[in-house]
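Note that chain A is present in both complexes that follow, paired respectively with chain B and with chain C.
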Partner chain A sequence: MRLWHRLTGDMTTRGQVALAMFAALLLAAPAFIGSYPLSILILVVYFAYIGQAWNVMMGFAGQLSLGHALYLGLGGYTAAALAFHFGVSPWIGMIAGVLVAMLAGGIVGFLGFRFSLAGVYFALLTIAFAEFTRILFDHFKWVGGSAGLFLKVSGDPGLWHLRGGPVMFYYVILAMAALALVACRLMLTSRLGYHWLAIREDPEAAQASGVDVFRGKMIAVLISSGMAAVGGVWAALLQEPVPRDRLRHGPLDRGDPGADHRWPGHSDRTVHRRGRAGQPGRRLHHRRREDRRDLRCEDRGIEADLLRPRAARHRRLPPRRRLALARAQAGLRA
Partner chain B sequence: MSTGGATLNVRGLGKSFRGLRAVHDVGFDVPAGAIHALIGPNGAGKTTTFNMIAGVFPPSAGTVQLDGRTITGLRPDRVCDAGIGRTFQIVKPFPGLSVLDNVLIGALKREPDVSRARDRALTVLRELGLHDKRAMTASNLTLPDRKRLEVARALATQPRLLLLDEVMAGLRPTETDQMVAFLRELNARTGLTILLIEHVMRAVMALSQHIVVLNYGEKIAEGSPEAIARDQRVLDVYLGQDAH
Partner chain C sequence: MLTDIVQATIMGLLTGMVYGLMALGLSVIFGVMRVVNFAHGEMMVVGMYLAWLLFERAGIDPLLAVPLVAAALFAAGYGLQRGLINPFINVAEHMQFMLLLALSIIIVNLCLLIAGPDTHGVQVDYMFDSYALGPFTFDAVRVYAALAAMAIAFLLYLFFTRTRIGKSIRAAADNHTGALVVGLDVPRLYALTFGVGAACVGAAGALMILVVQAQPFLAIDYTLLAFVIVIVGGLGSMPGALAGGLLIGVSESLAGLLIQPSLKSVFSFGLLILVLLLRPQGLFTRRG
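On to the complex of A and B.
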């Protein structure tokens, strides 16, 4: 009962009923909506989760991080690389990814907080770390360099390998978002949460009230980066390719115009890929054709997709891509 | 609410900001359970002295001891741990939080359990007459109320020495008297040691048993309120040399 009160706080009964109805709606949604609305919904819930991770730092502790994509990407890459090279389950990879991201978050946080970088200067530091890590990964061959990592098709999809259709991914991210919401609420109403609020509101007064400001900020950055990393793992293993640009800039990014149609729920392809989509023009198309060839050689599973009626595939492509594909099929060089 | 008062010993305290000598060789003692005042004209170094005691910045010279334990150069939160609560001259409430949460954060210092800390915070708010305003956002309080909130938050940390930096400034005479009465009662009931910076002489004279006078960063006089009120040097710096 006390826990319930902590979770709901000052929420009225009406609010609680509304929340319960909203939750029920989210739970039931996949049964009623088509694959495209579902793909949008997956994105919405995904950002709700990532936003909650970010909220711990900015909303609670008042530390503006613009480099959360770093933790997202490190989490995703760690789990993906472990799965790719060693066949490690993404759930174990997730733990490793979280640890790596927390280490990075700890370093960024320590540098910023130890040397009292506040506000915009701390934000700049976080951007710098995210950017140079991105450049580093462009040349990091073990994880595929600028091309990204191509996850092999798993023989047995399911929760253990975090492979499956959009519905599975939807429920995984929904569970993550709900857990994050509850966890954040519990943290906020704890002693630590009040310390964060004090730090956010006035660090000097917080210190005078006996709050260890450095410690509070460090805990915030560690929790926040760890949570972001879990989101990164999820995004990396999402059944459809996640462009690396998305991982680089995360929720705050301009996004990649060529990448939008490659978000989840569009098809039932079982190829998992994270690749560079920096230039949404010719280069992208070229590489995607290559990818398909490679995968076809590597894994017969892909044939299911390639053998489907061309028209069905065409419909999912933007006009320029249709043309490119048509040319390729005609044996022409695009 | 507090566990008695602590003795404060300040020895040879000095602070220079680059070339500017803000405080030089200031020393005084505040016995346990006493109420002492620190006065002086603007820019005399009173708040700088406070900040050195509270750990905002380390002194360039000298030592601060609380109950014989050296606390010189400790971080403010460690100084708070040691048992010193402080208010800020330029009030620093947590502006976006409720009055209750402001005080609750102070109470969490000694009481890790949130709901028990909330009870303690409510008790302190009741004592300071802020109980009715507990749900208000701190930034919406009037200045006198924010000053009270500063005191409440400092008291909630259950200090053994309370540093009050001009908490009467801006209060109306009746409010000043209320605050004086409250601090007196608090001191009598708990034995809490109080060191206050104050310009409101009405409060200084009514409250303090002993006064330290600073001018240009140096201690120029020290003694009982009556003696200080007659001290020629003090009159000179306060009223100007032609005034008598």
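On to the complex of A and C.
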């Protein structure tokens, strides 16, 4: 009963009923809606989950991280690379991914908090680490470099390998989001949660009244990065089975530029860059035209841009600049 | 090899001057209002697009378009500060960041909506010209862009030291309450400052279009680059921003030559991390 009270707080009975109905609707949704609305719903729940992870750090402990894509990407990459190279189940890879992301979060947090960076300085530190790592991953051949890591198609889809249709992924992310919600609520109403709130509201006053501010912030960044990593694993594995015939007669043939995206109906434009370092998750599965060949080979994957997706690789030296450069190097005088 | 290194350094210095002008805009806005403009690179890209548009539609050379673009960005910045940002000046920092981040996302996607994801460049007559000095060559476009950037930075210096408005802005930056007491219209000065900052970055954008092709996704890179430069040079310090621009320009250029072009930003971000941790006040400022 006390646990129930901690979960619901001062929510009215009407609110609880409404919440239960909402949960029931979410549970039943895949049976009633088409595949496109479902893909949107998957996104919605995914962002709810990622948002919750970020919320632990910013909302509870008041530390603005604009580099959460780092943890997301590290989690996804670790699990995907383990599955790719060693055939490890993503659920086991998830543990490794969470540990790697927590290590990264711990380093960023430790440096930031130890050197007492606050406000914009801390936010920039998080971006700097995310960017730094993203560029390194562009050159990290073991995970495919800038071309991305294309997961092999395994013969046995299923929950254990986290391979399956959108409905499975929907329920997985829904369960994750629900768990995260409950866990965050429990954390917030615990001793630790009150410490966080005190740190958020006034770190100096919190310190003065005996709250270990550094420890509180570190726990927040560790939990937050770990949660983000779980979301990253899910996002990296989120693929529907791509049977050959479907590709051949499927949306690709309609010439829809966004057709090979994970989300049916999204065009290149919308998925291109969903945001920036601050916002968790975007353009996870953007594939360029030349990558489609890989897709047809039934290979699927994630990209280096998971870390901070955007159109880095679209920026090539245009021919005229190349010419100018060549002329400049040859010392030509115009 | 040594020639190559010097050559790359020259290129880096020239580009770095334009970077410096861009970062100057950020530094002005932060130095006066303590507003961290997360939409800075986006404004730069808007400047690039405007210059491109003027070139495509009216045939105006980007160098001549600089005043027009700067004026447009000034008006936009002035209006933005008056209408949107002013209420956020005294709120918690993260709310300010969120506002400007949201603004930046809107700007990028508007650019995407209007101009599409393709790159747009200008083809000026002197595109392939270069000047030779001994064994070294100077790209004409880079030289012009760098000279113009320095001229604008000098104008800005004159504005802040010689004009009445510039001095009032500095007064408002030094002591907000004092400025109010002596009867300065601080909100108007803030709007002017934001306008000046936006004009700087717009001008930098118009110059940059000579060297780089415009594309919406450049914006985030430029925002981060501007932050790296400004933090390395010291947040709020104008000479620091210029020096930081040169430093980052040279470091990118040398990293591109000696290691790998795609790895060049690693050094900028590595430098940013080190400076943040060890010398958050910046490399070129004394105060701790």
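Everything that follows uses one rule, which is that the second predicted complex is superposed on the first by the 240 of 334 C-alpha atoms of A that agree within 3 Å, B and C clash if a C-alpha of one lies under 4 Å from a C-alpha of the other, contacts with A are read in each partner's own complex, and residues count from 1 in each chain.
Methods note: a contact is a pair of C-beta atoms (placed from the backbone, for glycine too) under 8 Å apart; a residue touches a chain by one contact, two chains touch by 3 or more.
All of these numbers come straight from a predicted model, not from anything done at the bench.
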| item | value |
| --- | --- |
| First (chain B), second (chain C), both or neither touched by A:64 | second |
| Contacts of A:175 with chain B and chain C, given as first, second, both or neither | neither |
| First, second, both or neither for A:189, with chain B first and chain C second | first |
| Partner chain(s) touched by A:40 [first = chain B, second = chain C, both, neither] | neither |
| Touched partner set for A:92, first chain B, second chain C, both or neither | neither |
| Partner chain(s) touched by A:125 [first = chain B, second = chain C, both, neither] | second |
| Residues of chain A touching chain C in the complex | 58, 62, 64, 66, 111, 115, 117, 119-121, 123-125, 127-129, 131-132, 135-136, 138-139, 146, 268-269, 272-273, 275-278, 310-312, 314-315, 318, 320, 323-324, 327-329, 331-334 |
| Partner chain A, residues of chain B touching it in the complex | 54, 56, 75-77, 80-81, 85-86, 88, 92-97, 101, 104-106, 108-109, 112, 114-115, 117, 153-154, 156-157 |
| Complex interface listing, chain A residues touching chain B | 2, 189-191, 194-195, 197-198, 200-202, 204-213 |
| Residue ranges of chain C in contact with chain A within the complex | 7, 36, 93-94, 97, 101, 104-105, 108, 112-113, 117, 119, 121, 123, 126-132, 135, 137, 139-140, 213, 215, 217-218, 220-221, 224, 227-228, 231, 235, 260, 262-263, 265-266, 269-270, 272-273, 276-278, 280 |
